[in-house]
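For reference, chains read A, B, C and D in written order, and residue numbers begin at 1 within each chain.
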């Protein structure tokens, strides 16, 4: 996937409606309209499960896309499925592709959306949730930045990471090797892995000094966080898949990205400020955000009940509510709002990336004429 | 409760935090600070239950306030408890009082927030959900307008109605009297009663001509609706308790009200426009809104999953999401967002009343000096 | 699938544990151990979703089995996936196969478990939930009985039917053809289709006279029911897949079946009586049952809360509870307990089929030596 | 409450249906029929909430009974409210009274149901969940045994304990006193307090040697448990309310008690054995049981999904299922099945107490003639 000539690359992004976890027809339609499957770098999905332990819509969607790419004879791209479309959030796929630009416009020199990808080496299970994972991810983020042709950390606006988790079998494998794991609780291992991965982003981007990271801060020192990280744990890998989104002069095309860091679930000021930094006439392409119940039990000084609700998981409440906050700002509901935000933005808040098309409408019907 | 001299009245409104359904201590604190219990006209509560059939937090809160007023030797005011604080919505009470103004400022002649109340006669059970209920409520709304000193329908901004429902015993009573009820399904009777009551508001305010109302349109013709109605059904009454909020020159004080009608769950344009009609320097006192899952299955042209979710009731999704939309606009989470919006605003949308203090902060500590 | 020589057939049944909706490895192990895929007639699955509208575990399991049979180059058998393993119910597959018996024991003439299958013609959408569907299914059941070599209705012990439902598209198709459907509510169409199919079983088995069936009784006259029917609606077909389980002298092998009809959720007397009719030394092979919340709101004269619970669907409560009742009787938790029991047994009760191995343990490890 | 002459005491027990958490009318009817309120020792309630953190039905029921006893001018008895009537479990109150027997039958010398009560001293907050709590409860159990006139531990069949929990305020109070609490997690403190209380029962009854108890075993060594303990944590007390139920020759009357210890959720053998130890002609008066999801993830060697379900709490699944198992055995649904069974019976199992009337039906209508 490494580009031969960076200056000939262009990022393309589509939001595609899904009528269910197995509905890949919208992406097939993109292919039918000319998109080459091998240019797809990643697909981020919002599926309509509970986003918690027994959410099988993620696996179902992943299996459906794997079957699609297998039929096409192309290796599947990075697939990140986030369960939970609470409130009026709309199930959809966001497709990220990068293409060589045939007739690069020499005169255009403004930065454009850049997409980089990398995978880390296998993570030994006893390193999960520990300093070693943070450092491994930090290296991976730097590799993805290099792949994207982004040098300056301030040009990175969103880092999506799919990280591993512990299962009973993996704990036993570590036991057999005489290596003590950070936790034997498999659910807790997801939070630790997400948190350590987010701290890895922070270290790579210079938000936190690597010297500050000890095992003890992971999952505990919530004041340490990345402003760009979005991480999710999956059982299907033992390494890390990393996608970096940022701005680079080595890329072409109408797409641009910026991001906000919400200080709380109702902080629209930061979001509007990020929006204002993008061209006023730009058309919204995608919004990617993290949400979580404020661990203080309060939002804006008033009590919330998300963490005391034994009927609905707090993460579901948070997605529904922050989904509403952002849908009110952006006027659309197919937003990628994902839960589980350890070390990803401040406690109760989170990063929000905004991708826009500065020039024209990308329309599937006219897609083949564009490139 | 009818005021002798309208020009000597002033409305007062407080939002009071609740630590649980039985926590009336914040209202007791208002009394301790000088508020006279007998001036309280209504208390609207958001309690942290599911807002559906087996929500006992409403009854628990009502019983707690009844016990409080009984201890004080004062008849309990109209108590409207709305269950459901999904997302980051915050459990709270909104207390409405009306007081005689000792030293009325002769020079002040601008309209101010006016509160009127009325009760209808007993509703025969076979009239529930039928044209007769609509007409009975319409009369009651006019009585409450008169009580508030409001003549023009356009000066009414919110009408909160507590209406009856059918129980098995009531159905049997109607049977015994040879009178056929509109439905034998007690849950469905709640929706019919809410809908008929909302249409009663529409008729009273001239939004719909009484001639248009037949039994068949109730619960069916969703294009017929009131822009100001907020209704909820309760088992504890067989008549209707009606509270009208509007603007009147016969009232004094800093409070003012306006309202929006959201066209959909993400329609913030209408809400911001209503906000803009109120003085820019005014301080927010209370927001009262209705929310429901869009029956079309779409919001803004994109599918939502609220109505297909067998784990979480659609009304809960709607409150969480619209709560987020409004909290993003108003920057606070103790909003009265209530579900079950039949004929209350357009399908998938709903009315939003905004009450502001135009002049000064109403502070409990300084309350006795104000009046 | 029609057998050439009935006297050479033998039914085989396995319960196979599933670690998740996509885990078909246990069935693959059966194939590896010698079971020929083309002999599999049906797979009934209990998957760990909510068993309601947004249960994607059923579709995920079906897709996983379809992929498995496609890999094997064999047409997939009838796949009936029932969501919901509430309480301690255990996710599992029940595999039904029928094989030719190479060395038929001439002397053995006792009846044995017989399995018959049939499909009906396509059901016109405006016939769904109406008398026409009942009669169509009745014909199909008779065809499946013939396929099983069962003549007498009293030899039939369980009839599993997968029936169609209405979708918005199908309603529109009927509209376009000028044919009025029984309901435009797609969820309601599932109950109507299940109910009409169950009544079709009752007509085929002579439990109800066809003359008694009118459109009006379907879903309404709950006193009309089959004692053997188990029906479930699926979006993936527009005809009916019918599996008949019974006893026939034309079949060989150790398996036998009998059934009870629970009069209520706590009626263990009928279940123990059915168990007693089977040989005392027999080993339990499978239990298939239907469960539903008693529509009277009472079980054994005492109130239940299943139908008033807005947090957990009544069908989920019913499966958990009846699962417990039956697990207490049978001492195992991988029971096929399915919800949605319209016209399938009396209101609040339901049929329970018991399949036993009268002679020996069927063991995967020794399977190839057995046949 | 201590009886002057033990040989003049008789226990009385009623199960009373509740139409909701505030419905105390059935108990009022007992009083109207002659039961003297001051003889009531305890009321155990099953209320229809979720039995988890945000279950307000427990507080609502407690407040309703406190108001009832206040109206009667009698101190409220021990009120233990257990939330959760999943499956077909029926909301009800079990009323325990002890009365002096006016005309004691000298000749009757068989043991009868005995009820003893005690309260421990205040538990310092830093002792909660630690060895000190175990020893304090052990002393309290011995006091309740003495109050019941029971000497031998084998005559004790059920010990119901209401124990305290930590709140944020209590943690801060301990902090201020320089005393470190066992946990700062208030939810976790409930489990620790229940577990330590259950171990206190075990120590008092000689099931475990006090020397075995260290802080480290509490909540960890699940192989250490009492066969008779049923404990629940409540925010409203800082000591322990203890009720001992057993058999004593110092008591009179037709009631008797025995108990089983279920080894797993489907262990009906132990329950039937306990039932068989009671007179065959006896009429069932009450069943009291504990249930929990098997922490091994298996029941009878097969996987259950209770602990992986993010939609329904595992304790709710367990109550529904074990409720079904026991309702199948006893043929009634108003069983006291309570969750949260740390150190109360073996992991995944739990104690089941059975109270029967050996002679006659206790009937409210004829109650005043009986005593």
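In the analysis below, a residue touches a chain if its C-beta (ideal position, glycine included) is under 8 Å from a C-beta of that chain, and two chains touch if they have at least 3 such contacts.
Since this is a predicted model, take the numbers as computed values, not measurements.
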item: Chain copies touching (subunit A, subunit B) - same or different residues, decided at half shared; value: same
item: Interface with more contacting C-beta pairs, comparing A-D to B-D; value: B-D
item: Subunit B-subunit D separation of Cα centroids, rounded to whole Å; value: 43
item: Intercentroid distance (Cα basis), subunit B paired with subunit A, Å; value: 41
item: Inter-chain centre distance, subunit A versus subunit D - centres from mean C-alpha coordinates, in Å; value: 49
item: Interface hub residues of subunit D, defined as touching at least two other chains; value: 48, 50, 54, 305, 308-309, 311
item: Subunit B contact footprint on subunit D (complex, rising order); value: 20-22, 48-49, 54, 56-57, 59-60, 63-64, 67, 311
item: In the complex, subunit A residues that touch subunit D; value: 50, 52-55, 305, 308-311, 313
item: Contacting residues of subunit B [partner subunit A, same complex]; value: 17, 19, 48, 50, 85-92, 265-266, 268, 293-294, 299-300, 302-306, 308-309, 311-312, 316-318, 320-329, 331-334
